[in-house]
Every structure is written in C-alpha cells, then in structure tokens.
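Going by the order they are written in, the chains are A, B, C and D; count residues from 1 in each one.
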Amino acid sequence: MFRVELAVRPRPGVKDPQAEAVQESLARLGHSGVTVDSVGRSLSLTIDCPSAEEAERITADLCEQLLVNPNLETYTVSIAGST
Amino acid sequence: MTLSTENSARELGLAMGLTGVELDHIVAELGREPNRVELAVFVGMWSEHCSYKSTKALLATLPSSGPGVLAGPGAHAGTVDVGDGWAIAFKIESHNHPSAVEPYQGAATGVGGILRDVVAQGARPVAVMDALCFGDPASPRTRWLQDGVVGGIGGYGNSYGVPNIGGLTVYDTGYEGNPLVNALAAGLVRHDGMRTAAATGPGNAVLIVGATTGRDGILGAAFASEELGEHHEHTARRSHVQVGDPFMGKKLMEAMLSFDDGLVACQDLGACGIACATAEMAAAGGSGFDIDLDLVPQREAGMEPFEVLLSESQERFMLVVAAGRAEAALAHFRDHGVHAAVCGTVTDSGQMRVRHDGTIVVDVPAALVADGTPGQQWETGTLPGPRPYPDFPIPDDLGAVLVQLIAQPGISDHSRLYERYDQTVGNRTIRGPGQGEAAVQKLPGSTAGYAISLVGGGERCAVDPYLGIQALLGEAVRNLGCVGARAVAVSDGINAGSPSDPVEFARLAALIRGLGDGLRSLDLPVTGGNCSLYNESPAGAIPPTPMIGVVGTVGDIRRIPAVAMKTGEILLLAGSPPGEQGHAAYGRLLTGSSGPAPSVDLAADRRLAAFLVGQIAARRIRAAKDSGRGGLAVALAKLCIRGGVGAEVRGGEWGSRPDWALFGEGPGAAWIATRPEDAGALIADAAPEGVPVQQVGVVGGNRLTIGGIIDLAVGDLATAYAKEPA
Amino acid sequence: MSGPRAAVIVFPGSNGDRDLLETLHTAGFDAFPHPSGRALPEDVVLAGLPGGFSFGDYWRAGMLASQEPAVRSLDHLVERGGLVIGVCNGFQILVEAGLLPGALSYNDPAGFRHRWVTLECAFDSGSPWFEAVPAGTRLRMPIAHGEGSYFHPGGFDAVAAHAPLLYENNPNGSVGGVAALLDGTGRVLGIMPHPERASDPDLGSADGLRLFEGACGAASRLPPPASRKTAAFRPPHDQSGIRTDIRSGS
Amino acid sequence: MFRVELAVRPRPGVKDPQAEAVQESLARLGHSGVTVDSVGRSLSLTIDCPSAEEAERITADLCEQLLVNPNLETYTVSIAGST
C-alpha cells in the first residue's frame, strides 16, 4: 500500500480565472502584498501494489487517462511510502 | 513550421494551409508578397471556419427574408420579431473539434462564444440549448467526453446565469472519433436595441474590453478546419483549446448591455480574435482600422504580433466608440470589473493597419481579409442510394420491442444529463427540458411567449441528406405546434465531413439544398447558422448532421398544454399511422441496417402544426406529443411515463403491419389528449383543415394497452426509459 | 413605488438578482439593486442576497463575497430589526459570513443539480418569513446548485430547531434534509432552493412567493428604520439550540 | 518575497463526495486497486514581506479569515523561502 499525493496546477501561461478572482477579492480586502499565483487541485490516493515504482506508474497512467489535462495542467506526484 | 523560419512567404503559406490559388490571389490583390504576420492573418481568416469558402455559394441559395426577420444572415445573430416590441436574437454554433480534445473547456467556450454573439447583437441572453452527438454510450471514452462536455456547458451557463431549456443527444458509432457539440443561444432585445458590427466614422475610437489577451488558441480557427487524427495527436494539439471564464463573461455581458453612450459598433472576439474583428468590422462599415497592438492589455509578456492578433482568448469584445466618448466608456467598463483599453482608431482608408513596437506589421485591405477568398470549388460525387429494409416478419411481442426502443440511448431519459443545467434562472422558463415538445419562455411582463425547438442528428441524413434534413424541419414544426407555437424563423448548424471528398461534398450540398427546399415549402426563412466541416476521424466522416433551431411565437402561455396527460382525458390521434417503411429506429433495431430514405411530407406537418396551434388557442388540448423517434408507440409511452398514468387505445386502426404503424416514423402525426367535452368540437375543426383526427382511446389506469397488440405496465416502461446505458 | 424598502445586494457574478427583485416587487416591497461594494443604506428594512456565482464561486462558494462591505453591514441591519434572506449562493454567503451556523459543502452525490423539489415546513417558527407558511405546508420550488449540502458539526440535532424547511427527498446530502435555516432572531433566512423562482403560477409554482409576502406583511408593521432600536419579532426559540416547538407536519 | 503553498483538504470524517465521484470514474476505467482518499484544493501565493515568520502569520490570518472553512476543512502551509 502506498499513499500518493497528487498536486495538479494550471500550466504556466494558461489562463487561471480562479486565481484572478481570488486576487481581485484579496485586493478589495486590502491585502496588497499578496499575489495569487495559481489555484490548483490535490488528490490523495492509496494504491495497493507491490512497489513504489509500480505506484508511480499507476499514478502516471491515472493522470494521463483521467485526472490531469496535460494541455491545461501540470502535476507533481509524491509517494509517501508503504504502510 | 513557425513564422520565424526563413521560408518564402509562398512556402510558408502553403505549409500553413492556404492554397496556391489563394496565395496568388493575395499577391495579386496586394501587389506584393504578404509579410509573415499578414500571412498568418490570411491563414486564419481564410480558413474554412472563418471564411465559409466551401459553403458560401450553397448557403446563398437559402431563403433568408420574411415578415418577422429584423436581422438575417450576416448579423451577429439572426433576430426575429416575437411581439410586444421584443425580438429574439438566436444562433447555433459548433465547437466540435475543441470539445473532442478538451471536452470541458471546449464545450464551455463554445457556449461562451455563442452567448457573445447574442450579446453583440444587443440582446440579453435568455436561453441556451445544446445538441450533442457521441459514439457508443457505454464506452469509457464516451462517458469521459460526455461528462466533460455536459460539465462544460453547465459550468459556463449555470454561472453566467442563462438557463438551458433543452437540446438533443444522439449516440451513433459514426461519431466515435469525432463527437459533435453544437449550442444554440437566444437573447431578448427591443426592436430598436439591435447593434451592428459596421464600423463607421473616421476618428472614432476602437476599444478592446473584457479579459486580457494571452497565447490562447492561436490559429484555433484553422484547427477547427482540420480533420481529427489519432487520439495521441489530439494531445499534441491541446494548446489550441481556450479556458472559459463565465465570471468574467457575466460581468462583461452586464457591462456591454448597460453601455450605449457613444457606441457605434461592436463585435465579439472569437475565432481569429482581433484580426477577425478588425477586418470584419471595418469591411462591414466600409472603413479602415488602425490598431496598435502595444495598447492591447496582455496577460503574458513578449507576445509576438501574430499572437496578439490571432489570440482566441475568451471573454472579449471590440467596440467602436464615438471620438470624445472613449474616456467615459473606459470608466464604464472598468467599473464593471473588466479590462478596457483604446487600441486604435477608425480610418477611411479601407485598410486594416496594425502597428507593433512602432512599426506597421499589417497593412492590407480589410475587405480582402474579411470576405475576399476566391472561394473553393469541390468535386461533387454521387451519393449511394438508400436500400429498403430486408424483409422481416412481425415480431411476436411488440410490447417487448417498445420496451427495447424506449430504453435506447438517445430515445431514453436524458434527465441525468440536463439536471446538470440550471433551467429556471431568469424566471422565464415555462417549458424546459423534459417538459414538452419544444422549450417555451415568456416575454417580460406578458402572457405571450416564444418557443424554440432544436432538432438534429445524422442517422436519417446519412441515408438521404436531402430528405433527412427535411424530416428534421418537419419534426421541429410539429414540435412547435405541440406547444401552440407558430414557427417564425430557423437557425441551422451543419456538421459534415471533409468537402475534399466528393461524396462528402455531395452530402453537404444535398443537405443545404434539402434545407432550402424544405424552408420554401414551409415559408420559413433562415436567419443564420453555422457550418462545421472536416468532421472526420480515422474511421471516416461523421454522418452528415444538421442541427435545426426553430423559433416560434406563442400567443398565450397559459393555454399551452400541460406537461402530462391525466386520467379521464380522451386520446385522439391526429394524422395517419405511417403505412410505408421509411427509415425508422424500429427498422434499425430489427435489421441492423439503416434502411430506406425517411418519409417526408412537410405540407402535412405544416397543416398539423397549424391545427394544433389553433386548437391550443381554443383551449381544447390538454396534452400533445408528435410522433418522433420510435414512432407513435414511443410517443404515447413517453406521454404515459411523464404523467405516471396509463392509456387504453383500441385496436383495429393498425392494419396488416401494426409494427410499422406503431413504430414507423411517418410525418404529420401526433397524439392529443383532450377533455371529453372538447373532443367533438376538436374533431369537427380538423377535417376542414385537412388533418385527419380520430378518437382512439382514453387516459387512465396504470397500463398502456394498444388493442390486443401491446399491454405493458407504465411502471415497467418507466424503468426501461430511465435505465442508464450499461 | 411604495412598500417597505428592500435592497438586493448585487455581487460581481450574481445572476439571480433580477429574479429576486421581481419577486420582492410582486410581494409588495419597494426593492432596488445595491452593489455589494458599499454598506447598505440605513433606510432599508430588508436585504436580499441573490443566487448566482458571486466571484465565480471560485475557491469556495460564497467565500469571497462574504467579505464585501454590504455583507459586513448586515449585522447592523439585523440589530435594527431588519430582515435578511439569502437564496442559494446568498445562503452560502450568509453561512460564510457567520450570520448562519454550519457550512454548505459539495452536493452528495457530487455535481450541480437542477430539479423541482418539495419542501415541508417542519414547525411554526414565528419567523416573519413564515407568517404565511404554517407547519405542515408543502412548498414546491426548484433547486439549482452544486454546493448545497448543509453540514453542521453537531449534526441535525444542533440545528433542527432553526431548520424550518426540510426536503421531502434529500437531493444533495444535507444533514437531516435541511433546506433552509433561520438565525436566532428568526429574521435571517438562508434557503438553498429558489423561492424567488416559484413566484408565479405560470412558472410552475407560486409557493415561494408566500415567504416574501409574509416578510412584506411583517416589514410593513415595522416602525420606520430611524426610530427602531430592538428586535421587532419574538425570538422563535430559546437560545440553547434545543428544538422546543416542533409539530410534526402532515 | 516568499512563496507560500497552501493545501486545503476535507476534514477527516466530513463527507467527500468529490472523492467518491473520482473513485467511481476510476472504477469504471477498471482501476480496482486505487482508493481515492480525498480531493482538495491548493493555492500558490507570493507574499511581499520582510520575514518568513511574517509570511506565515499573514497566511495563517488569510486562512482563518477566509480561505479555510474550519467546519469542513483542514490545511497545511509550506513557505518556500525568499526569492
């Protein structure tokens, strides 16, 4: 069993309307020193497989098939060791 | 291929998709070779998507004027009178290729784009409808696509605050590699509130308002005019897809609709972005534009001139504002929380002149860019003729057939899909998805209203495009009749394969000819539309697929039939059960083949619709449903399911082939439920109008029985209807 | 226009403001739109927070809007005895602003859902919003939301006494089927379904209008805003949060 | 200038319908060994302030005031050093 943390965020340059709206609102609230760079998503998974490499491969598959839109998003994976 | 390579303009132009003829034409008109930025502008603007070079001549044959038409093809959105000084601006747009690649954003930006057309016309959006075609409903890929597409349509429209009031969903293996996503948007505008794209008045200011401009979908328009390759190629092209921002879109819509001080002209920025708007607005007004790209608010640093010009960043408009009113305009838009900048001036040069970093990078005649393509001729092939169904005996259990038909994806319940759309925001929706044959909304402060029927699909058109599109027109007119609406005007979306294939071009031509002839026999104008070509995947072209949106007027929304029929009402059959074996879902189900050409009788549909409108105005109709996919039996089963009530129909009407009578898809037929006391008068009125009407049964109980032929519990029908595709 | 003054707070991204305004007019209010960037004027007796996607509903529905000056001035309106209604996104904003307890989270099952639902009035709350809606009344109106699952860390028991409307068929996983919530004064109402869209029989139902008519009746009996000091309505519940006055509906 | 990464996820015990939805899609694709534990959101900020402590304080304030709903969510912050 491996715990996988997946962080997905907008690809640099791709429009990030969420970040723009949060920025606009923070500015209205007077938080002038804070810049919102991006808003992303995160997923925590548990994968039942024999090795960390296998977990990584499965995660990469999942990302390609379903979880990540490679054109709009980039992602990073961290595998949190077996349990 | 990039714009910075050292190839000659000609090589570059050819590589980017211009033809030799087009390049020669450009050089001849300019009297010189275009530079690289100009070339990119021509590539985008002379793509099929922007120029309609393959269909222009065909579309010109369509009837486009009529008594109610306030603005026809050529306007941002066709606009028709619906009474009380109000008009409906409406149009269909496709976003097939972007949605195939990135379903959520592709569909969302498709909806955003068609809404901007309506806003550019000066209308407040009041409705969206969508027409979707997918492959195998059970495949994971279809589920992924549908989930994304429906999510995107809802995600944009729900947030923007425009209700989705109906649509259609078709499943057919012909769309496996190339799904179709078409959307219709409608808006309300006062007759005197319409806006134009025609830029006039040298010295007037050119403004760009809305979102900032980024490197979004550069040459997406050219992309929309290409065939889709293998799936992995989609990935490589994903950068073409835009990101929609309904929040910005909504703010921008409010800002646009509350602005008129000094407004001369406006246009939404869609395909080919600034290049398209400048060329088309100048050409429409017979003027010229001087644009300075450095003044355009940009999201990213270091954008090339062609990138700024052709960017398809969403949520933007271009405006022409009277000189001297520009400052006030900027303040107005900024107050609404959207970006705004003056980026140029109107001139009388007729030229589209673009400056970047102090140098002129484009200097070409606006009219040449906007509509100067030499046009494109394609070879026309011969269409394969339809074939009759192979003979088959009448199935023993027609009830079982009905259950099978009603569970077919495409005929079965779509509520899981349309539940993801807000249907009631705006307080206008009288009949939304699942509530009637056509969508109905009411006019502000009035009991009058309008209805829209959106129909489409390629199955019948694949058999016979000319008759197939007419069958769709007939269906739309019948649908409107069932809600008491008189058809006024049509907007169409044509989806077809690659015109370079002679057979596909013949299909396209037959569709448009069929549309024109059908419209003429119905006395209806087309006020706009959309053509999406090159819908192909490695498996071949899609079936030729028109989407037809028809707007009608409703005199009194309080008289339209109820959503469902009720116990104690009398069942009448208007029209005759189809005798011949025209193309039908039934035949397909039983034989697996696509069968003969669909049966069409537009005159009968027109008579039926007029009769229904009159009887509804006379308050004699409690429920009505025309015969559509699956024929009369499916129509009646759906009426029963909707009302949770049974019906008992006598036998004897159904001839020697009761299967074809009940499941055939002939024109001119509908079920009517009426109160016993109204039945006589209704039937008496029918004959003089040339509509055969007979009393055939009663509403009540919890079973659907048709003579000795069908006897089913409504609950079992409902279960089959609601089943999810496995 | 006469009638009690009512402000509909328009946030960037609101889209139900026109529907709410129209319904308030129909119910007898002198209603007008008010931008969220400014505190409410002193002369209003009612503030409506409309449905929509304020600030795009980005990050978390209602969160960004809850910080707006108009929302921050609601406390003052309530202290003056005024009425507040938050519909859908407006309810989310009231919860985010702390004017109502608990939280509105992702629908369960997940996803945006539009549907006509039936609500049942669980008890007589004494709230002005419910003057025309006695216990046992069933109301039909649409829902249209993706983040409308009501949650309270204390479970249904913690809020039952403040939850006058329950879904007949829970469409979104709300604890105990809670569809609407009153604050301790009974004057602040958050409601996830859309009563302002059920304001005309032509639209399918006029049930929602009854809430606004009740409020208009109560608001008309209020003393003019300037002279008002204390709450004008009897608190419907004791402050323990224990439900004291439930009658079963029929 | 400090780069702040904020990760927000559903509080344990609170329902996570989004995770269930992803789980369902994964099951449909035939990924049986993968459990979706939670679906969360992340925010990348740049804060203009003199010290990491200050950045941390500003972030904690934002979270408490605004970005995190303590009824539903927990959060973790990482401050990625000045630039």
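As a working rule, a residue touches a chain if its C-beta (ideal position, glycine included) is under 8 Å from a C-beta of that chain, and two chains touch if they have at least 3 such contacts.
Remember, it's a predicted structure, so these values are computed and weren't measured experimentally.
Between C-D and A-C, more C-beta contact pairs are found at C-D. The mean-CA centres of chain A and chain D are about 10 angstrom from one another, to the nearest whole unit. Measuring from the averaged C-alpha position of chain C to that of chain D gives a distance of 30 Å. Inter-chain centre distance (chain A to chain B, centres taken as mean C-alpha positions): 36 Å. Contact with two or more other chains is made by residues 55-56, 58-59, 64, 67, 111 of chain C. Counting partner chains per residue, chain D has residues 25, 29, 41, 43, 66 touching two or more of them. For chain B, residues touching at least two other chains, in rising order: 144, 245, 247-248, 337. Chain-to-chain contact here is organised exhaustively, every possible pair of chains being in touch.
The touching residues of chain C, counted against chain B in their complex, run 12-16, 18-19, 22-23, 51-53, 55-58, 111-115, 142, 144, 146, 194, 196-197, 199-200, 202-203. Per the touch definition, chain C reaches chain D in the complex via residues 59-60, 63-64, 67, 96, 102-103, 105-111, 149, 151-153, 173. Contact residues of chain B toward chain C in the complex are 154-155, 158-161, 245-248, 250-251, 337, 418-427, 429-430, 442, 447, 557-558. Interface residues of chain A facing chain C in the complex, by the touch rule stated above, are 17-18, 21-22, 24-25, 28-29, 39. The touching residues of chain D, when paired with chain B in their complex, are 25, 28-29.
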